[in-house]
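Here come two complexes built around chain A, the first alongside chain B, the second alongside chain C.
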Partner chain A sequence: MSVASPPTARRASERGWFAGTARVRPFLYAAVVMLVVWQIVVMITRPDPSVLPPPIDVALTFGHLLRDGELGLDTAYSLGRVLCAWLFSAIVAIPLGLLMGNSRSLEKTINPFVELLRPISPLAWIPMAILWFGIGELGKVFVVFIGTFFPILLSTIGGVKEVDPVLLHAGQVFGCTSRISLFRRVVVPAAMPSIFVGLRVAFGTGWAAIIAAELVAAHTGLGYLIANGMDILRADQVLVGMIAIGVLGFLFDSFFRYLQGRYVRTAR
Partner chain B sequence: MTTVTNIGKPLRICGLTKTYETRTGERVEALGPISVEVERGEFLVVVGPTGCGKSTLLQILAGFLEPTDGKALVDGQPITGPSLDRSMVFQNYALFPWLSVLDNVKFGLRRRSIPRRLQHEIALRQLMLVGLLDFADKNIDELSGGMKQRVAIARAFAVDPSVMLMDEPFGALDALTRRFLQRELLHIWREQQRTVVFITHSVSEAIFLADRILVMSARPGRIKAEWRVEAPHPRDVTTDPLRRLENQIYALLDEELAEAFAWERHIGG
Partner chain C sequence: MGAIRSRRRCLVCLCGTLLAVFASAPALAEEVVNYGVQPDTDPSFIAKALGYFAPIEKKYHVKVVFREFSYGAPENQAMAAGALEVASAGMGPATIAVSRLPATLVAINILEQTAILVPIDSSLQSPCGLKGKTVAFPGVGSQQYPLLLKALSKCGLNASDIRLFKSSGPDIPILVEHKAVDAGITWDPSISVGLASGKVRVLAKAEHIMPIMGGHYIGNGVYVRNDFLEKHPRIVQGIVLANVEAINYILCHPEDAAALWSKQIGIKKNVIELSLDKGISVYSLDVVPTRQTMDAYTKFLKDAGILKPNDTPRIESAFAAKALQEVKAGKICIVTGPSR
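Presenting the complex of A and B:
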């Protein structure tokens, strides 16, 4: 016993430490490689800092923007708009998708509209959004809404339609006598994993769409931070904005993945 | 603890046929006509070549499918749709992955006017019968295939059905697990005498479990032969009389299978 236990204990703690860093290590590694390549390129080509500043300059600007609160504020604006539009999309698209997935005739009626509108990228809607809503909040939320709506809708419809027919039979045998109870107790929970994937993907497309909308029509937000940096020829500011966008997008996606692994139960 | 309110009900299948209509308008005669009477509490096992309509028969009995012709009656009442009174164990478990083991077993109890505490007790007792009491709070995806099928059996028996329908329930399991679950099933069946209709491809499984074995012909499936197995449980299928029975059944099935394949080659060419 006493002979066997120390190695076991050591292995367990080692595994714990490994598991802790194993997930982030590939990303840290990629980040370091990119920084090094960036630094080398700067050292070899010696570009004008307004074209490509060295990493250290960008880090300093990052600290500066962080301290004076501008970065935090812009982040809050962008995130707020995305969250707002994303939630609104979910509230509309999930119920609609559940109904469409469940009713052949409703799907046939609405699907042509979806298929014709869907190829129009949310970015193509930006001019119309400005014409209709001006450059206030509503226009940007509208653009993100367009970008998040379709992924959620399609994955909800797909989730409902792909419910294993055997589960429907099982539901019927075990007491779901009406269509409504079968829907509530079997179809919706069985479609949940797919709906969740839709929500996650939609957050990603929404995050891309808001930056584009802010590039064109905003005085706040990370997209504006970048556009403004370009106008005043401050590549360091542009890069700070880009890095913030990348890191936040990555963190949110990781967070959704975590929730998915933790709470969403799929078959097999 | 639980009161067994239902004892098995008799089944009556009368001139049952099923013809499927495919999308191209082709008609596939899948079943029958077949007529069978299943006694109260009888363990009926159906074997037959693949594609002979066994699943079709079970789906009609479950109430998922309307027969093209003929009648299926439970205790004299025609089958009009799925019902808790005719419970089912599916080949691929068909457990609800978003629910825990315990909640899967409780699923069928929810709509009955049973107080929650009693639902809980019934579910726990069924889990105990299949030896999974310690796994009550686990997720389905943490279980092995054999454990999943045990949960499915617990779920099926929890609703206190008078008829149990089982479509190749052990078909996907390894031989050892299969043997173990056959014993477990017999144990539960003997404790709570339900009428069982059990479909299998395994002749030795049929002989091990059945009160009566039906052998079906190739499609459209009809009853080709039937045997009563009188040997007391637990059976040793390696004894001479049961071995002979096995050989007889295999001989019949080989005949049917040859016919089925010859026919398919015929329409294929």
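Presenting the complex of A and C:
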């Protein structure tokens, strides 16, 4: 026999659920407004579906591509490439950034290279990536690596340089007598919020780079899905690819924000 | 007093003249017919060079302006945006356009035009040997992609049995030549450019994979935006006639046609002659897009997953049939090339 929960407890639970969705609500509103505006534009202008399909057509195509596994496979490929390049960037850029932030001479030596290479768009590397790494996965991972490396590196250097001198002094007072222990126990944790921001930003730039790389030389991935949609006048397919990128970008950014929030609280 | 009157008269005359000029301006303005083309051995280039569009330009006070695109997909996007009234593209993009856009296919003006290339010293003897190989192709929306799938399916293979590499049509012979890929499928004149280098050879011609019209694969089609077709059917008729007259000229004077193309699209004359000699691009006066041919081609595209099951291409064969009748009434050499 089930016992009905008291009305006050239920109301409190509902209020709790409503409060819990507070962060998501603005995004849901934005999504609903975009859908409504889209539908109104379609109803008023009646464009050809190959130019702007109605939301319902895109939803049906989304469902179809999801059911037959194509969307999942393309997403997995794109995500795998981005994650691989992003992790590799983090492995190289974070230690390098920590060292560069901590050593003026090292920064002076490496910074000119960074500043010469940084302005070159990852997209400009695509032809070279094909020539150097061929048409396999490595070329695409390289293009994303270029796109993700510099945001992580610069954020890490910035994070180290902006460590409050009071924290360094406090660390010395609390027993971090050697430079290494001060670096490990004070500098690195203090720079972590900035490193997190770099990782978040880099993941976004990585997405932008992989889509461009897949438009040119790939046979899988969300960029390829979009390029094919353009080739065969399937605006619905193009929009499905775009929506998937938007949703994934939002989810990953939220995940990083969550991790960042947790870490910052712990650090405090 | 008289001087003032005379000045007033002059002013009135001037105003009257200006008013008359402005009032007649819309009538005098030429309407531009934007014609999408690709830099290939399209008969429309011959029609333009020989002035075959001039009669309709003069009669209907229009100007046929060629807008060049590197391949079919951006051409279709331009038509979707309303920037083209007429377009000539490979049958893949042409069929996609007339299935998905408010457009209608009015003629098929080139046959064949597709082949699978391999390096000259490749050990491959047929498309069946492509299993596990890297094959360059110009994209899912091209007419080459479904043909490649068809070639594979004849050997019991499918797309997952090979490694596809998307590239631009003209780059494919270069990739094959440098052995960056094991094989490549592309369009002409890129095929003939590759063959002329002596470093690539044809593994399979389109007609061996899918003969669909007069024993050949269908290569290129002419399609028109529906609103333009409804408003200017006579101009459309003139454009189709100009294409058929150009094909007749190509069949009667292949060497002169090669020289004209060379001048227009910048490809060497000997390369174009090679294309005509080897029948890489085939020209036929029978430009009528019949329902039977198009049904077979549409099924082919649906099987390849390029068209949706409910996509139905719009075709109007009357223009091509009438143009064919008019040209046949004059002097013709042969109906289908190569004529050399």
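Following the convention adopted for this analysis, the second predicted complex is superposed on the first by the 249 of 268 C-alpha atoms of A that agree within 3 Å, B and C clash if a C-alpha of one lies under 4 Å from a C-alpha of the other, contacts with A are read in each partner's own complex, and residues count from 1 in each chain.
Everything that follows uses one rule, which is that contacts are C-beta pairs under 8 Å (C-beta built on N, C-alpha and C of every residue); 3 or more make two chains touch, one makes a residue touch a chain.
Please read these numbers as outputs of a predicted model, since none were measured by experiment.
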Looking at the overlay on chain A, is there a clash between chain B and chain C, or do the two fit?
-> fit
First (chain B), second (chain C), both or neither touched by A:129 | neither
Counting only touches as set out at the top, which of chain B and chain C does A:85 meet: first, second, both, neither?
-> neither
When the two structures are overlaid on chain A, which partner does A:157 contact: first (chain B), second (chain C), both, or neither?
-> neither
What angle, in steps of 10 degrees, lies at chain A between chain B and chain C when each chain is taken as its C-alpha centre?
-> 160
Contacts of A:141 with chain B and chain C, given as first, second, both or neither = neither
Would you sort A:186 into first (chain B), second (chain C), both or neither based on which partner it touches?
-> first
In the overlay, answer first, second, both or neither for which of chain B and chain C A:232 touches.
-> second
For A:167, select first, second, both or neither according to whether it touches chain B, chain C, the two together, or no partner.
-> first
Of all C-alpha distances between chain B and chain C after superposition, which is the least, in Å?
-> 50
Contact footprint of chain A on chain B as seen in their complex = 62-64, 81-84, 86-88, 90, 92, 94-99, 107-112, 139-141, 155, 159
Touch list for chain A against partner chain B, complex | 164, 166-167, 169-170, 172-177, 181, 185-186, 189-190, 192, 265-268
Chain C partner contacts - residues on chain A that touch it in the complex = 48-51, 134-135, 216-219, 224, 227-228, 230-234
Along chain C, where are the residues that touch chain A in the complex?
-> 73, 76-77, 80-81, 93, 96-97, 100-102, 134, 139-142, 163-167, 180-181, 306
